[in-house]
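As written, the chains take the letters A, B and C, and residue 1 is the first residue of each chain.
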């Protein structure tokens, strides 16, 4: 039965120890006050640091970096041992070198391995390891890393080798990150949202107030958001598929795939997933904002007035309008359906269960289908409104007309790249990758 | 090429054998009637038990516990072999010791390993391993466990070391469990559902019947459920965030994090995820029950009457009501949106892809935002109804007024804990965990 | 620090090399023009093929099959080395033997391992390994496979042992597959969709046109799809549960579980998951098509006419209709809710987190509940329409009546199998599996 030594009887030390005990290891704690700790898990010995070292060749250091200095005195006893640094900092790049490298410089004789810092003590103990089960491991000694990775596997975690101790800094920064990949898409989305919102507010709240002193501020709760959400969603969706086209033209122009893309294009291509999901979120909001339309007091009141008007002056049924109204709504719903399909295949467990060809089929083929459906939905919704004068307030076209520029351009450009002669050239250039 | 021996040519034996064959192992069956079995996979030898033992150092025992006794006679031949117990029982804790321990006591010379009992024979064979791919492994001999874990990996399963043979009982009980973590949340939810249902039935079905002999029983199909669902959802959502606050106050009072919470609080905290998902399910039902409102005959009829009334006595448009009606619906939809976001991040594969800080950001920050939005939705919906007399039937306030007590208390208490002076004390106490 | 050699400085070679470098390996490239390559990752040496071989015992062959012939000359230097074939083809079974077997026949002294062919170079490099992280590994030498599997694990991929080099063909075909399991369900679904669509078009577009020259073509956008989707969904749902019943009767008839099912039944049983998900997709479309009903111009116009008619000839409120209308909608919504629950538990990560009993509880018990609710929804929706004459155009019953045949039969048959005497016989026969 293997033995393991843990320095520090704090939260992390105790959680980790009790988990190791459950998995059949012998656990020995090294503590400043071996007799004070009454919360350490049953079955574990608590000794002084010096004594504890002797019991095992692996030492988990469940202590904050600030208190590492006492290890300098234990340098000789730690010779050849595996020292596992689990520590985190409060801020990114708080110190000039990483905790693990600092430790390695303190205890020169030990083999330092960085691991487990992404695991929450509380989650480990209570078994609710919802957030990441991944354990990033790095260290200069391959064998020591293997030992640590086996421990991680034993307690049901997934170790991931990250190379030498140089990666320690990155690993220590990881748990302090807050959605780094979502930042750019969020900024783009926020920017467009504000822009379109102001545009709509101008034409639908300020314009009637300025021209006829009408107070339509209540439109701000649902009506205007239900313009902003779909318009921004459509623009973002188009922006997801634009970089692929730019890349294709670039490769065509350069005549080779063996040259790097400009930096901005690379970044853009890497955030397409997040951009797409934000667009899906907005489309979802558009969908539910649309479903509640008939419940709204404002809509009910106007529709009542319309009905009442018909009591005296009947209005004939227009099968043209019936067709137009039904088909734009149907196009929207089909677009939304494929949108969600794209979302479902983005779920890590689903995308892991399909092969690359299938993933590209859904993301690229069905993705363009989604874009086509959503653009058609907006075009048909526009219908007569494009040219109908009264809709142009202060000579401003309705927001959706403006919003169609990017999607339509993307579709036209895509159409150009799939013209046989261009398509075969691109395929030839790209040959070699699947 | 490695050899493996399987005792028993039943369902499990055959499925397991054919999978092993596919992965390039040699398979030898040990059977009572070596010549009778014509369904064993092609390429496998079928021998008597005695002969089969000689061919391999690992023996998979695909036989029910009831028939283990014949192994006693083979004790000497089994000396030093790895015996893998895959058996399950029909009831939890059916026998006083676990099957694996019973086996170890029968065949004292062999190294018994418990494994594979959670894998369905049919799923293994047909490749539809939808339910758990995890193989819990336990045993007293580390090397034997490693051998078995390698086999599990070879056939695409994920082995999880569970320590010594003492865990066998737990492992054998596992496949007999039926959502143990969901039990408490389900009871709580059912309790509240019945309570609120009766309350609503009293005020909306029994009251009109008693006072004006009106038959409104049809409200039981949609109208009343559409009160019960959101109200219970809101209460459950509040109950998700209450234990965190109680814990904070307890830690403040005790001045330390190094002492265990009372048992009930621990249990409550561990079922928050399930409680939250049940709440989400109810919120989802509320959403779709709301979307169909305008389709219902009952609603259409009343709204027709209202329209007809306006033909003769026009009712002026109230921009106050338009504002109120739109904003409570908008708040509800935004709340629902964040609710779903919480649900999506609970999916194991998504929560595994985020780090602890990100998970807490969504679950805790956005969770409170959800609670705030949903409470505001209900408050604004209430609007004038809180004080408006006719809504108090038999002096009973409308159900939603009652339902607001817990959410509002939770929000007030939370507000107290984030007052700077208290917040900094809690932070200090909790310092040490991320 | 381990060394690894890569032949070919193309897309795959470079991506793989830079990933290996990140994980702390030494990377040496073997290239035709060692000095021409300026895109190889920093830190890697580029040598001629002959020199590169000497630096490592593992060689990754990032070259297309067409160019393998030059390896024959290196036969002696490759003696005993691990040669990893990563190549893919453009078509399934393009060559008569697999690339890996062809390689093994060229370089007889080396140990050929097939691996990494499912990994996209671009995804590997950019870190967006959305599609499959699984690496299928096969080869005749167990130790070489282990070495390759360790490399896969080191770069964060999940290796899966697929046995000997005979599996290479299957592994090479895998990335060329396009949803093979979804094909049959898709055909079935498309067939029923076309059939029901034509049936509805006949009764709702052609019939009015033929009999009263009415143009109702606009029904094709939403009204008719909203009949087709739910009807096909219901039929498919019933088809999901039919094979289980046929299997039970077959086992009853044969009196044993130890005999294979006919081939068609086996295939049917294996595509139930996909069939169920397609049914869910249609149910989802039915749900959103229903939510938008009150927004449609066509519906609003007719409902206006109905209201206007009531101005002069009031129509009394029918609590019978209120009850009927509310209860069929409620049944539909509850059915939809459980439908989605089935969908959620099909997500790989969720089904992996439940045990077999729980999975069967949801899929089988709640699945039948879903079927019962959806069938009841349609029956109650039918209500008086079943017998009401005018609904039978050209003596054709409304589509939903036809659609009820299969679901009702399935429910009746299921009901028979759970009659105690039959149920206990089936249980006895099946005894032995959980």
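Everything below uses one rule, namely that a contact is a pair of C-beta atoms (placed from the backbone, for glycine too) under 8 Å apart; a residue touches a chain by one contact, two chains touch by 3 or more.
It should be emphasised that the depicted structure is a prediction, and the values quoted were computed from it without experimental measurement.
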* Which is it for copies chain B and chain C: same residues on both faces, with over half shared, or different residues? -> different
* Structure fact -> Matching the CA atoms of chain A with those of chain C requires turning by an angle in degrees, to the nearest 5, of 120
* In angstrom, rounded to a whole number, how far apart do the mean CA points of chain B and chain C lie? -> 24
* **Per-residue multi-chain contacts in chain A, two or more chains** => 291, 294, 307, 311, 347-349, 352
* **For the chain C and chain B complex, residues of the former touching the latter** => 142, 160-164, 257-260, 269-270, 273, 287, 290-291, 293-294, 303, 306-307, 310-311, 314, 317-319, 321-327, 329-330, 333, 336-337, 340, 346-361, 432-434
* Structure fact -> chain A partner, complex, touching residues on chain C are 1-2, 10-12, 22-24, 39, 64, 88, 118-123, 126-128, 130-134, 153-156, 174-179, 215, 217-218, 221-223, 225, 281, 284-285, 288-289, 291-292, 294-298, 300-301, 304, 307-308, 311, 347-350, 352
